[in-house]
């Protein structure tokens, strides 16, 4: 892991260019709202967006990145499979990945999870209360027992994901649903954190608790300097083989 | 789940046609060795192979199947993506899947796991001792504390899979490696069981403990009649929303 | 496991004798309400209560039992440590255990969990909606996506338990909380299922979905005929030890 | 968490006083061998032993401690239940706990696990090879794919523990057994790490890989500043309750 930690915030960045209401909420894009907070936390931050060459996710950019953050919504299908494979390989090799809100249907998240990642949803601007289910987890650092999002889009169970390695948050919604809102996974050498809150018009990525969780998530997902694994044939055993053995 | 349980045993079925040694070990194919045992256990069993139309995995065949067993080795790339997607969807919808030995690199297993599924290997005909790590799990029914495979191909850690929901078996190899040999996963509504033992020439699929585990795995992976999940927009809340709310 | 499955329903059985409202709700005790349903499902059922000799949990009674159900509320401290140790040993040896509602603070549940098992609560007769988070799990068989309890006591997170091996249900409460309401654990060779719903006056143990889950839980928790584990010194290795070795 | 991290290394410290061979291996006690390494790593370290008043684990000592390390072997029964309860409470409140080798049968580990923690063992001075099963975990930092312990006491499966939240290491033994040697748990707000290697005469706590893992474990188990959880009655709901409700 680098010091300071290197983060790339990826955003689809389409809504903000075409929709007045989204631009009003995030004048420089959702990525800049998040990136500026992470910079203020002392991290080294770049951004990347869909319409840049290679979606801004060149080999060099990914090699530089310790933790990648992903926000997409309406253009998941426009992300090239080649870039998705490249990101996937980097995660398995140790890069952290934070997937936000509607990124649940991104190609990279679905590829890492192996499931449909479907859920229920409703845009009614209702209240959400996010409960900390695992108060000793690093991602819960600095929080109270719960925090509220005054107006949000509902995401409800069944959320079609593999059971998370650690379930950090569970959401309560005014309209009657619940949701596993903070889900940690180890995939290959990389750590993946799915965090539910967010929206393109509600000002959720300015809320202090949400930003706190995102920054905690980045630190938790940082790569570590673990063993290099050699996946291949090992014709020479480490111990003598006394069985009659014989080739095949 | 049907009664009796309906199983489809899928085999690549190439080795057996071209290699004298493999044909000697499995004259009717690996699928028939396994299928005949499962039939003797009272299950309803079909087989399917790579070179059949749609690899034998038509919509009808999969709709019929409660649990699919998968054996492939040298032709993973020849399995069409369309069929893989079809199997994937059926697993998420509840069909059980048992993946055997070199099926670890099959498209369907990698798609469900979301990782590379790589490992170390060696063909030296060494001894393997498979320890039961979870003696209360249904897949361990009828076993002793361990069983041995006199001659086997080694598969060694790091096995690049998501940590299993339940780790049932751990293998010891004469040459010095260990391996997570029995791994249970829930993916969507479907249960997935990876079981390591097997080989195209060693007579492993005639060994009683191996067959016992396979039959236990099939029963464990049987679909259940759970809720039908409606993944879509739910504009009408289940409870009144009192917040100022407002659409977006 | 026996056929039919043998269940002992244990109830503290104090409220029903002293409180008119509780007696009105459960004239023969909570244990009989549950037991009569399980008998109708074809299981062989006994009951046991606190004030019987050895709390009704003699060596013989436990040896007979495949799955024990536990309901206690105000007299957890009156259960003798010796009997708790006896039940604990039987669970580790394979007996299933279903813990209901306020049994979360029973000695046996706390001993098996290793944590305080504390939670938040409120008796306001509010509505609860129980969502199925794992629709492919046997305990969810026969359910819809959620079911409601019209009037209930709230239990809220943080619930101080080890993360369950499988989280089957998550509750939504009208008053704003959430709860992990269906939690599966393997402990030793025994399976443990904690199921939140229940109360001494609300008629929850007559509700069809609740009874369905309880019966599913019993079947899931049934013992299997797994290996007998020999925990002791094994001075003779299974393989030759070539190292200079030497005793210590 | 304090900065630097505060560690208390607890040792039974009986062998070293009475057995010449143990004293030869660890002249100042096992605790000092470990403590001096952790001091060299920049941590603030105290030690505590069985025969000190309150076993050295006073309220003050535990309040000071971020991470407690535990080594015991032949006198588990001499540790007072009161002190065990005190340590247990501190773990649930966030203190990290590292349990080494024969500490698997300590009262505190068994109380936190809820199982017997039994295993198989053999003292033949055989070789152990410890494989990294989770190369992206912080406890694997700085390691190769495996490391060997030239002469060790064997611990073999079935190890009667709850399945770990994360399984970091799996051991291979020359005599034919395997073992889950590095097991991570969250219990309450505290993190628990069981690490198998160690012995009172083999010089295992001088081996660099072992010391590296211990130091990694301490950093992983450090408390975080998470929410203070209020476990009690919450008579006032966070949201209005519209049901007829009514107390009970």
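Just a few scattered comments:
To keep things simple, chains are lettered A, B, C and D as they appear, and every chain counts its residues starting from 1.
Rule of thumb we're sticking to: a contact is a pair of C-beta atoms (placed from the backbone, for glycine too) under 8 Å apart; a residue touches a chain by one contact, two chains touch by 3 or more.
Only a predicted model underlies this, so the values are computations on that prediction, with no experimental measurement involved.
Homomeric contact chain A/chain D: same residue numbering on both sides for over half of the interface positions. Distance between Cα centroids is largest for the pairing of chain B with D. Chain A and chain B, compared by their mean Cα positions, are separated by 29 Å.
Per-chain Cα centroids separate chain A from chain D by 31 Å. The mean-CA centres of chain A and chain C are about 36 angstrom from one another, to the nearest whole unit. The set of chain A residues that touch two or more partner chains comprises 129, 132, 134-135, 145, 156, 158, 163, 165-166, 174, 176-177, 186, 188, 227, 229-230, 238-239, 242. The touch graph of the protein chains shown is complete. On the chain C side of its complex with chain D, the touching residues are 21, 92, 111-116, 118-127, 150-151, 153-154, 156, 158, 160, 162-163, 165, 174-177, 185-188, 199-202, 227, 229-239, 241-248. Chain contact summary for the complex, chain D toward chain A: residues 94, 129, 132, 134-138, 140-145, 165-166, 174, 186, 188-191, 223-230, 238-239. Within the complex formed with chain C, the chain A residues making contact are 129, 131-135, 145, 156-159, 163, 166-167, 170-173, 176-178, 180, 240, 242.
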